[in-house]
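Order as written gives the chain letters A, B and C; numbering starts at 1 within each chain.
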Amino acid sequence: MSAVLELDDVAIRFGGVQAVGGVTRTVDAGDFVGLIGPNGAGKTTLIRIIAGLLRPDRGKVMLGGSDVTGESTSARVRAGLALTHQIVRPFREMTVLDNVILAAGIGYTSGPLRALLHVSRRREAERAMEILGSVGLTGTERRLAGELPLGQLKRLELARALAVDPKIVLLDEPLAGLNHAEASRQVETIMEVHRRGITVVLVEHNLEEVMRVCRRLIVLNNGVVIGDGDPWEVMANPAVQEAYVGSGMMAHAEA
Amino acid sequence: MYYIDLAVTGVSFGCMYAMMSVGLTLVYGLLRILHVAHAAVFALGAYVVVLVANATGSIALGFLAAVIVTPLFGIAIYRLLYEPLLRYRPDVPMIASVGLLVLMQDAFRIMFGEQGVTFRQNALSFTTFDFHGVTISAVQIALIVTAAVVFAGLHLFTTRTRTGLGWRATVSRPKIAASFGVDPVKVRYLNFAIGSALAAVAGGLVALLNNLVDPSIGFVVSYKALAIIVLGGLGSVRGTLVASLVLGLVEAYGTIFIGAWLDRDAIAFLALIVLLMIRPQGFTGARTA
Amino acid sequence: MSAYTISIVSIIGINVILAVSLNMISGFCGQISLGHGAFFGAGAYAAALAMVATASVPLALLAGVVAGSVLGILVGFASLRVRSDFLAVSTIGVNFLFVGFVRKQSWLGGEMGISGIPPTGFGASGNMIMILLLACATVVFSLYVSRSWMGFAFRAVGEDEQAAATLGIGAGAYKLAAFGIGTALAGLAGALYAFFTQFITVDAFDFILSVMLMAMVVIGGIGSTWGVVAAAVGLTLLPEAIRFVNDYRLLVFGGMLVLVIRLAPGGLAALVHNLFARTRKA
């Protein structure tokens, strides 16, 4: 199997906090990886480094075999990466539909000149409607994104990430803030995405769902990997249990 | 001796810039708004000083009136203009602020004439002292002494008094300060009041220096003050002080070296743009990707 | 048509180009520029020099566009590096620097400016027609941009650069494009202005002009081409129609800027839009 994502000794420090302390990992094409760890473990920071939203102090990020460490976020997205933000960032002043159309139009927005020469949005609008349907947002298309409740915005994040037609998606807590029914629906969507051949990296505190869907589990604590492998084996690892003691996470998973 | 004269000029202008800019940088630190209309407060202060001084014959009364009127005015700007606009992106209140400045400036012109107002009696403006060939005017001394007193007082206020400590804490750590029971709205009022009073004092002293208050008095100074607070690392009082003094000196000496091809008033912006190219986050800003 | 009408219409045309071009930078792409007067001025000076040297209208137009956009792209690079509120201050600085620099240059006429710019040969009404045609072209272009994918991407960049980046939209290239296009058009307006007055001094391009242009954009409704056109026409005519406004121009413009932002931050375009929405519902 070929690697879609490789990290080589990635590290970043904020003031006195070593948020990510030298992570070296490879993610194979088509895998479904859970990335977990207690609050402040460095999950979001790692995702942001992979996406190019943060520059690491050291280390290399490779996408599909090529080094993208110096590349911008938009270039990485064009190379097949997509992500959802833990704290949702829709374009609040655009409609829900426009948010997704813009993502679906990634072929037109590669550069200003190309963008200037194209006007029609019909095809993108059709695709956007389909994607909105698949995440369960049909009926909200015409509303301004800023008016949606958090649960729907989480789904909009996912819709936009899917619309850029990625090879790998990094999902940062896509289930947080959703109720039980919404969460299982969102998980269904993510599993469907995976079935279509897209590699998924899922950051989630909802361990129940993580254990159910992930084929591989990476556990981060204080910015370093303390467990990696088959989810059940990893969870049985004493170091991992140790990290979770007191955070109440195990209880949560067993519930 | 010429070079020392220039140093005196530079330092006294630097003191004026500092008093003008400190209110601006504090408003930025607190609200993230570029309070361009601060220049109108500066001009208002200058007008109040000259008008009251002419009416009563006492320049001291003029300054007293100015430090009473302008804080109220500054607070009114916050309450009526900025507070309702806080939820928009910071450009929105800034543009409103530019509008207010332009409006006030024209209002001064309409009310008090294009030529402006001069002091009826102003012995101070023409008093100069001579120290071994270095000439220094009474107003320049007043500028330097006032600034020294004001900043020393401000330092004591923010390090020794409860209110002052709360103020400083709110500027640097708003959430933490609030959790210690500091009322953020009161801090804002205090901030506008003190900043406005300082600008008014600076305006009054400039009026004395030129023996004139005309409608454009606040104009150039205000934009320079914007450059200064960016140079000083937005929100930092110490940085603003340093940037003000440096700018005063650079302008004073710069007129000799680059005055032939650039207006003195543009020097601040040259420095600003050069700095932003080298350090886009300002002197003290944090690093981001 | 009287000479007076011709000159008013010409000025309206020039202001429409200026306001619509500023709207592309600040409205479409969200990059607040308070120095549009500098690009206008750069275009005017370049066109004036080209006219004096060659007396060729096409060359002078080209010179204006190139001068405006070269300066604009330089400032655009600054916009890539600084935060949005720093950018506003930087553009104010660019305006002051431009005026402060030109005033001291003897080859640009210093304080006296450049006079005796050769006529275009079209006559006053010919100039007016050229100005109007180019103003219409600018409006059409602006409407097209806002419908194209470029306008779409501009809006995204203006609202949230990082979110745009996660959809594959590189903010930098778009910001440069906005500055390049907007300032090229400002340079064009500068050339037209030089043709129209045949005499330019640097005071015509000062910061106050930049504030006036921003007032047109904000009052018209930032981002709305038609709103901005209406505001540019209205705010140019107002001082001519009402004596009071002419005497107290800055008072009125400043006051309108404050009131509109305070009462209707979306500008006139949003007011009209809401009105329509309400009547349609009723």
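In this section, a residue touches a chain if its C-beta (ideal position, glycine included) is under 8 Å from a C-beta of that chain, and two chains touch if they have at least 3 such contacts.
In this text, all values refer to a predicted model and were calculated from it rather than measured experimentally.
When every chain is reduced to the mean of its C-alpha atoms, the one closest to the centre of the whole protein set is C. Ranked by the number of C-beta pairs in contact, the top chain pair here is B-C. The most distant chain from chain B, with centres taken as the mean of CA atoms, is A.
For the pair chain A and chain B, the distance between mean C-alpha positions equals 48 Å.
Rounded to whole angstrom, the centroid-to-centroid distance between chain B and chain C, based on C-alpha atoms, equals 30 Å.
A straight line joining the Cα centres of chain A and chain C is 42 Å long. Residues of chain A found to touch two or more other chains are 52-53.
Of all the residues in chain C, the ones that touch chain A in their complex are 144-145, 147-150, 152-153, 155-156, 159-160, 162-174, 176-177. Those residues of chain A that touch chain C in the complex are listed here as 51-53, 72-75, 77-78, 82-83, 85, 89-94, 98, 101-103, 105-106, 108-119, 121, 160-161, 164.
Residues 32, 34, 80-81, 84-85, 88-96, 98-107, 110, 223, 226-227, 230, 259-266, 268-270, 272-273, 276-277, 280-282 of chain B are the ones touching chain C in the complex. Every residue of chain C that touches chain B in the complex is listed here, in rising order: 32, 34, 78, 81-86, 88-90, 92-94, 96-97, 99-101, 103-105, 207-208, 211, 214-215, 218, 248-251, 253-258, 261-262, 265.
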